[in-house]
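Here is the structure we will look at.
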């Protein structure tokens, strides 16, 4: 059950094309000046509060993209960290970014330097504050746990993809009384963040975060497109289960909707049906 | 299509001759370094807009390659009957492209390790607070790196695997690193206890739901649960399979769509993100 | 009670586990269908049949995988079956070799004659494909440095398809690899950790896996079927009681919170 | 006396157990508080891990994908890859830093391009398997029981309500808001279930460690057997 190419089922190309169109059209609308709305995401309002507390206490802020491999998720996490860094640059609050993936580390160096530049404080940027600890899961965890306790961080931001080590970060952060905000696409780690952090950004709230923080038209437009895509998924689900109830779960129309090889099965049955 | 594939498969132009291959290879690598690094002064003359244009173009082309390979039809047998129906003309290049990404990843590891070592060297040289621990880190790094690299080379049969290498590597890796992994991992058990104790309170509807399902499943999945009531494991499994699965799937859909939108924005450089 | 120092919690959990590991406590388990199927499949084997054990765990998941491997080897020896072990990492090679050596010695099973350890292979998919076409040349040497072609236990065996069964004892996602690349006539049995088990039910339904022992709990059930005392029972019991401890503390915490609230209301 | 002789690290095998135990206890000391012993082992741990990675993830990859193809197999075109990747190393330079962004751009573009296949492979089969849940009994699905029907209806309701919660671009009010709140509650059920299910695996990890301390180090038989 996997796709090597779009031809395995052209339905994939159609649905990706539709989503791309929905996203791009709405980005264009937003750029042309349409007023777009985004609902409240409580955890994100707390970012400023957490930064404020760090500044007051003079203790550092940690940002942890975890062991996220370099890719779309990592870039989104770094975009969020870049926003946070711009905020803390105004108050000269100390920061540490701890990465468990060397490529993410390299890109983070660049992004954080940029953030300080854009905030007008390039003098505050110190490459030693963006650190690569280890790409080994629990060596990384031990380093993060040690650093959080030693420096008694006041705010801890965890964004990206996390695995079993998530609770080690969150509990040590909780131990030193840090305000913690976590956002992850890894569903299996969400319960631990919910239990140990002050705020948790769940699922694709993670992708909505940068739109929420920056209110950039491109991102808000994209968000409208994403909601349309979700509506499409919901309608396909509803239509599909009704079709499956009437025609059976093995019906070609069900195969067409997402199963590799379903395209051919569907058209073959249509052509044969026409011949009868 | 067939012509193109044939041309790509013409190995002779892509390969160095057998005789004095090492010499040629060394020369070409040296040349490549000079050429690519020599481009830097040229690139440096570009104005900011030109620089951005290069980055945007490179990003787009790299994305285009993988996207085109995925979207282009693979079955051309209607036009070229002899063509392999499982690949298009870009498919043979996928593996090399993945290898390129792997190589860049390995170079990034070098960069990350350099950053780590530089930080702790600075700590040591400038006698910053706690610099002793930096020495511990540097020493264990150097020792382990030596053994690990020798061990890798021994796997390639480039160096001899002596008893010294075997035993040293085993002490460092199997008896130390693996044990540290296991110890650190097992800390999660303590943390899961304190987190549950602190967080699972009947404070709000949401917190109560979280607490009750967690307790139900916790008792249902262990043998004791079956002793208390045979229905408990069934209920726990039902919650996991029927109530957890759809919630998880809805989140997955959202994450997938969000990721796709992000990928499109990145590919077309629509986002003022990290680049 | 509300603001108890978490270090007390840690100490209580630690002591709780030590006590229940040492206590000679036996709670009978109810046998789940996948474990019963696993047992029945091995019962069907004839003396002299060949079985491949893939053992990929190391120190971290000892509590779940070690009792599984011990119980499985015990059963194979009881059926007088020949078996070979293979790993994908050096540390899992060492731990499984030491364990198998101890267990086989107790029952007088001969190394080389009745069982062997093939060491470790770096890439499982490639190794399986190789073993299907040419087993002796893919593995080359066993863990003691003997050429595989000269081991009596696999004398004349050219391919993995001459095996009757593959048993995968693992904390990682290696079973889809075995399912994808191993010969269709060889049955696959699976010993996952408890977190990995949920994903395997689809394979169980479709018959791609013939039986499954889940974590320490499954090992306890299996020991019960075999009528032996192994580590599965104490480990599974200890897990039960640590769960009970956590639940008790959650209830205590809530009780304390409610008491506080009542008091605060009374004072107001 | 026999026990003491067996217990002390007098041979290599015992020594290895002692090293392992020392590592375990040092890490566990973090539970009490961050302390010099933990700090020592933490730094050693990171140093060891960083050193280890260089073998399989550095040298091995470079040898296999770069040195071997060029020097042994003679594919000369690979020669350009490492110098190009080296652009990444300009990251620490203020003047030439932007050059590293060319390589970063390559990586970003590649991961965006690869996401189309990932999206199709990962999410579309999930969408498809959601559709295989008929909502009523009919001739088309003869094997269906009423229990399964109830499960299927529940599945679709939960899926749609959680999906509703995760919409952002409009104000949720009225019935939509109610559905979204239900979605959030269903979500909490899912999260609670995962938490409860994970506890077992984590306890097993620690039991494994304590077994190691008792059995391998202190040589105490476990289980009273």
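So that you can tell them apart, the chains are marked A, B, C and D in the order they are listed, and the count of residues begins at 1 in each.
Definition applied: contacts are C-beta pairs under 8 Å (C-beta built on N, C-alpha and C of every residue); 3 or more make two chains touch, one makes a residue touch a chain.
Because the structure is predicted, anything quoted here is derived from the model rather than measured.
Participant: So which chains count as neighbours of both chain B and chain C?
Facilitator: A chain counts here if it touches both chain B and chain C, which gives D.
Participant: Starting at chain B, how many touching-chain steps does it take at least to reach chain D?
Facilitator: Tracing touching chains, the least step count from chain B to chain D comes to 1.
Participant: Taking the mean of all protein CA atoms as the centre, name the chain whose own CA mean is closest to it.
Facilitator: Checking distances from each chain centre to the full centroid gives D.
Participant: Write out the two chains that share the greatest number of C-beta pairs in contact.
Facilitator: Greatest number of C-beta pairs in contact occurs for B-D.
Participant: What is the chain whose Cα centre is as far as it gets from that of chain C?
Facilitator: It is A.
Participant: I'd like the Å distance between the centres of chain A and chain C, where a centre is the mean of that chain's Cα atoms.
Facilitator: Whole-Å distance between the two chain centres: 35.
Participant: In angstrom, rounded to a whole number, how far apart do the mean CA points of chain C and chain D lie?
Facilitator: The answer is 21 Å.
Participant: Where the centres are mean C-alpha positions, what is the separation of chain A from chain B, in Å?
Facilitator: About 17 Å, centre to centre.
Participant: What residues in chain A touch two or more of the other chains?
Facilitator: Within chain A, residues 3-4, 6, 16, 70, 72, 75, 103, 106-107, 109-110, 127, 133, 135-136, 139, 142, 187, 191-192, 194-195, 202-204, 208, 226, 230, 233 contact more than one other chain.
Participant: Quick check: what residues of chain B touch more than one other chain, meaning two or more?
Facilitator: Residues 70-71, 104-105, 108-111, 113, 116, 155, 173-174, 177, 179-182, 184-190, 192, 194, 196, 198, 200, 210-211, 214-215, 218, 221-222, 240, 248, 251-254, 259-260, 263-264, 266, 274 of chain B touch two or more partner chains.
Participant: Mind pulling the chain D residues that touch 2 or more other chains?
Facilitator: 20, 27, 30-31, 39, 41-42, 45-46, 48-50, 52-53, 57, 88, 91, 101, 104, 107-108, 111-112, 114-117, 119-120, 127, 130, 156, 159-160, 163, 166, 187, 190-192, 194-195, 197-200, 203, 205-206, 208, 212
Participant: Can you name every chain pair that touches?
Facilitator: A-B, A-D, B-C, B-D, C-D
Participant: What part of chain C is in contact with chain D in the complex they form?
Facilitator: Against chain D, the touching part of chain C is residues 7, 10, 13-14, 17-18, 21-25, 59-64, 66, 193-195, 198, 215-217, 229-231, 233-235, 238-239, 242-243, 246.
Participant: Within their complex, state which residues of chain C touch chain B.
Facilitator: 6, 9-10, 13-14, 27, 29-30, 58-60, 62, 90-91, 94, 122, 194, 198, 217, 220, 236-237, 239-241, 243-247, 249-250, 253-254, 257-258
Participant: Taking the touch rule as given, give the residues of chain D at its contact with chain A in the complex, in rising order.
Facilitator: For chain D paired with chain A, touching residues are 27, 30, 33-34, 38-39, 41-42, 45-46, 48-50, 52-53, 57, 88, 91-92, 97, 100-101, 104, 107-108, 111-112, 114-117, 119-121, 124-125, 127-128, 130-136, 138, 140-141, 152, 156, 159-160, 163-164, 166-172, 187, 190-192, 194-195, 198.
Participant: Looking at the complex, which residues from chain B come into contact with chain A?
Facilitator: The touching residues are 69-75, 86, 88, 104-105, 108-113, 115-116, 118-119, 122, 177, 180-181, 184-185, 187-188, 191-192, 194-196, 198-200, 210, 214, 248, 251-255, 257-266, 270-274.
Participant: Tell me, which parts of chain D touch chain C in their complex?
Facilitator: 20, 31-32, 197-201, 203-208, 210-212, 214, 220, 222-225
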